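Below is one structure, written out as structure tokens, with a few remarks after it.
Letters are used for the chains, namely A, B, C, D, E and F, taken in the order the chains are written, and counting of residues starts over at 1 for each.
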Amino acid sequence: MQTQFIEKDFPYDGTQLRSLFAYLNHGILGPSVVAWQGACSIPFEHMVDGEDLLAKAVIQGDEMLHFIIEIFDRDLFSGVSLQRLFASICRDYLQTQAASVLVGKSLRRDGDDIYLDDRKLSISIATKSPVSVLVHFAMNVTNKGTPVETLSLRDLQLDPRRVAEDLMTHFRKEYISMVTATHKVRPVS
Amino acid sequence: MQTQFIEKDFPYDGTQLRSLFAYLNHGILGPSVVAWQGACSIPFEHMVDGEDLLAKAVIQGDEMLHFIIEIFDRDLFSGVSLQRLFASICRDYLQTQAASVLVGKSLRRDGDDIYLDDRKLSISIATKSPVSVLVHFAMNVTNKGTPVETLSLRDLQLDPRRVAEDLMTHFRKEYISMVTATHKVRPVS
Amino acid sequence: MQTQFIEKDFPYDGTQLRSLFAYLNHGILGPSVVAWQGACSIPFEHMVDGEDLLAKAVIQGDEMLHFIIEIFDRDLFSGVSLQRLFASICRDYLQTQAASVLVGKSLRRDGDDIYLDDRKLSISIATKSPVSVLVHFAMNVTNKGTPVETLSLRDLQLDPRRVAEDLMTHFRKEYISMVTATHKVRPVS
Amino acid sequence: MQTQFIEKDFPYDGTQLRSLFAYLNHGILGPSVVAWQGACSIPFEHMVDGEDLLAKAVIQGDEMLHFIIEIFDRDLFSGVSLQRLFASICRDYLQTQAASVLVGKSLRRDGDDIYLDDRKLSISIATKSPVSVLVHFAMNVTNKGTPVETLSLRDLQLDPRRVAEDLMTHFRKEYISMVTATHKVRPVS
Amino acid sequence: MQTQFIEKDFPYDGTQLRSLFAYLNHGILGPSVVAWQGACSIPFEHMVDGEDLLAKAVIQGDEMLHFIIEIFDRDLFSGVSLQRLFASICRDYLQTQAASVLVGKSLRRDGDDIYLDDRKLSISIATKSPVSVLVHFAMNVTNKGTPVETLSLRDLQLDPRRVAEDLMTHFRKEYISMVTATHKVRPVS
Amino acid sequence: MQTQFIEKDFPYDGTQLRSLFAYLNHGILGPSVVAWQGACSIPFEHMVDGEDLLAKAVIQGDEMLHFIIEIFDRDLFSGVSLQRLFASICRDYLQTQAASVLVGKSLRRDGDDIYLDDRKLSISIATKSPVSVLVHFAMNVTNKGTPVETLSLRDLQLDPRRVAEDLMTHFRKEYISMVTATHKVRPVS
């Protein structure tokens, strides 16, 4: 699994959730997680979450930290699993890193979302292309431009770039150990 | 997904990690998670973790809280994913429930294990039968009879039965929401 | 598996054979079978059956009873299997319900079609999206506007709405028992 | 798909439900359906239907017409689908062939079973080996030695050999047309 | 597996690499390999090889011998395997047929390419549609219009039509024996 | 993909063709190819090739160079593909290395076998465990103890150890480039 923080800011508009995004735009080949900063605004025609489509949801934020995970040769259920593990890794990491700000309060993972009380830190979706499964996961860098009450990395006094690098490192380690776990076990009847 | 706490104690010796264990022994049909209390001692011939086999590991404990998860029609990678999500759910739950005992200290998930500092709370393995994927996850109820320094539910002052019921409820909710997440997303190209 | 009869009539033009049709248009989540009444006319650009495309087939009828089945995480062969089982369930049901009209004559299933002698009652296709398999199955409500000699529910003196409700109930029962059958059998070597 | 009626009678005891049975014992390579006549008695250790195991079922008959279907590279759900289609094909065939005996009464398929009123004609199971899916389907030739009230081919005044040959021909035709149906359809989004 | 040499010349522009190309355009149903002669020029919007897209590659030739292989119900890795076996079969065949021209020199397969020293004979790509895997493989008939130093069938003094017919026959034999190899082996634990 | 030449000679008796052989016996984790020298004699109960079982084949040799390939998460067809590519790589390599001995004669790959005229150099089988696909491929080091007329590495004046190392290096390169090929292509419709 390759990881890369893309230096240049650019907005996420849903078109990045496509097979080979990391390869064709950033030369990163194979299973990967990439991250960048930028606004978020997903027009209706690029929304893939049916729940959002039915709710005519507004998905936006002025500045978010985006991640795209791509894994090949797995089913969508595995994509959803990795999405939730990524959320779990985020929660654990942010809890530790922002301990002094959180002063005893706990961040909470609920499915693919992370909350502090009712303030939502993140958005996420997992989908499937004919050749891969893809996850978009993004956290607010600021609370500006978000349609609901949110939590942001700025609230947690954390540097987005460092958060991105650390989370990608943790996720890569988890992914590799998961693949390894499928290579070292005897089958049962 | 069905869940059930099995009232009668019995030891885990590795033979329970077999397709249809819950159905053939407890009448629980389909994707399931079951739990029970009992000793743990896995003889070499029933060990399936190659790492343990190579290390000639001793896997035992006088009293543990055991879980067997079985899911059909998925690959081993999905089984490993569910194992790690189960560990994550455990960690989050125990952290909250044992807050007064932990007094600011944090339980830590590392792969499929849960630790407090260097004390290991749990053991786990995910494997595959020709019809399903299976996970065994177990937490020490006491530290007696364990081959390394461990943490136990008794240390955390928690009731195993209630822990089991709550964790199965949380895991069932997560599993259902994951399956739902595969039914409500548009594919991408 | 959810089932629903959609009250409002609308024509089938091939665009309904798309992943998440039932969810995005009628809020029905997960494996499902939905039914409605309406005309049928499939322009060339929405035809997916290669045989029809090669034959430059005309597929239409003034009033048909339509069904869309959607199942996730299965291959196209399973979709074709379900299509044929649906046709078999239809045949058995209609034979019994229209016994007094058929007076000893037998409806016949041939692949995914149902016939009375040479009169064709139904049309059907099974296909695949990247996230699901989909089946369209439709029976003539009248014989008007059909390009060949047909049989219709009106000929059989049956109420389309009731036929739809009953068939969806039967199919749901069959589908659930099939999934169950994959959860209760030991593997062999 | 190859078909073959095995001339020599032999009993079915469950050990025939194994990958490559037709190839290793009768030289029939690839997807196949084979048939033969013989007693049926399945000892507990060769029973694979968990429902039978839990019910401590007695599965026997003095003379049955046995079929073993084997298909490669499919999941168990497809095996169950083929099992039910085979039952449907049987029902339709027997209804027509035994019309004069049935005098207006209808055979009924319920899942993988065929009944006349409450009299059960058949038994069946579908399972999975690591390389294939397998179906055993058997119909009573006589009612002798069966543990419940049964229907037999003798009651229907039908010759088992001819029934076997005809059913295998029909099933082969269905199977081929199903595989073809997966080769001639355009995908959808 | 069906094979067919298409008599009429036509250019390859990338749009032929699509599910059911052989069926919808030439009536060839199921797993197949077809061949024809024609120019090659692939505009950017029909290029599917990410490496070519990143390199802004020019893929063309005035006269090439084209092959399209389509296989259903396999993953992309199997498509890549068949692509490489096809290249291997080509190499072995051309080496023998052009022995008198090659005078002791050896053609060399490197991945999916065939070379004589640094002169490239062929281009190829394997991809996936939602219903099948597809391979395009093409050899230069002449060296005219190619963007790099190439080898051509004309250099080897071979008749493209006969080469096509022979290679399709060899590949068909290999494919059938491979499928057979999956039908005659016992599983292991 | 890891590769390893195992220094210590030991006979191949069929029991090595089992999931995790390389890991549990030699600590080699994940997709791998390992090689060693030793006699070959496969008793009937460990033979997995149905063709050999039907032919009551004798499979033996006093000294062979053995390879075991193991790949996870692929179907048997992919295992057979890799087996044939391995045979192709062997042929190409041996042809070049033994050029001076072969003096213009060509080694020939036929399916998974390598021949010089009618002399057979190799034996091979590909099979499936519930967690992986496995290939055994072996070449005669001497012609002693073989049941048919054979060719051996000694005839070709080649050092088995070096042959093993080189072939594993070539196969590893091919395998990696194949996996890469599945990560860099856009899907088609």
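The criterion applied here is as follows: a residue touches a chain if its C-beta (ideal position, glycine included) is under 8 Å from a C-beta of that chain, and two chains touch if they have at least 3 such contacts.
As the structure is a prediction and not an experimental result, all values here were calculated from the model.
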Chains touching both chain C and chain E: A, D
Partner chains that chain A and chain F have in common: B, E
Angular offset of chain B relative to chain F [C-alpha, multiple of 5 degrees]: 120
Interface composition of copies chain A and chain E: same or different, split at half: different
Chain of greatest Cα-centre distance to chain A: D
Euclidean distance of C-alpha centroids - chain A vs chain D, Å: 50
Separation of mean Cα positions, chain F and chain D [Å, integer]: 40
Where chain F touches two or more other chains, by residue: 19-20, 23, 50, 53, 73, 75-77, 127-131, 179, 182, 184-187, 189
Contact graph of the chains (line, ring, star, complete, other): other
Footprint of chain E on chain F - complex, ascending: 17-19, 48-51, 53, 74-78, 80-85, 88, 91-92, 95-96, 104, 106, 108-109, 111-112, 125-130, 134, 174, 177-179, 181-182, 184-189
Chain A-touching residues of chain C, taken from the complex the two chains share: 20, 23-24, 27, 73, 130-131, 186-187
Contact set on chain A toward chain C in their complex: 50, 53-54, 75-77, 127-130, 189
Chain C to chain B touching residues, read off their complex: 19-20, 23, 29-31, 72-73, 129-131, 179-180, 182-187
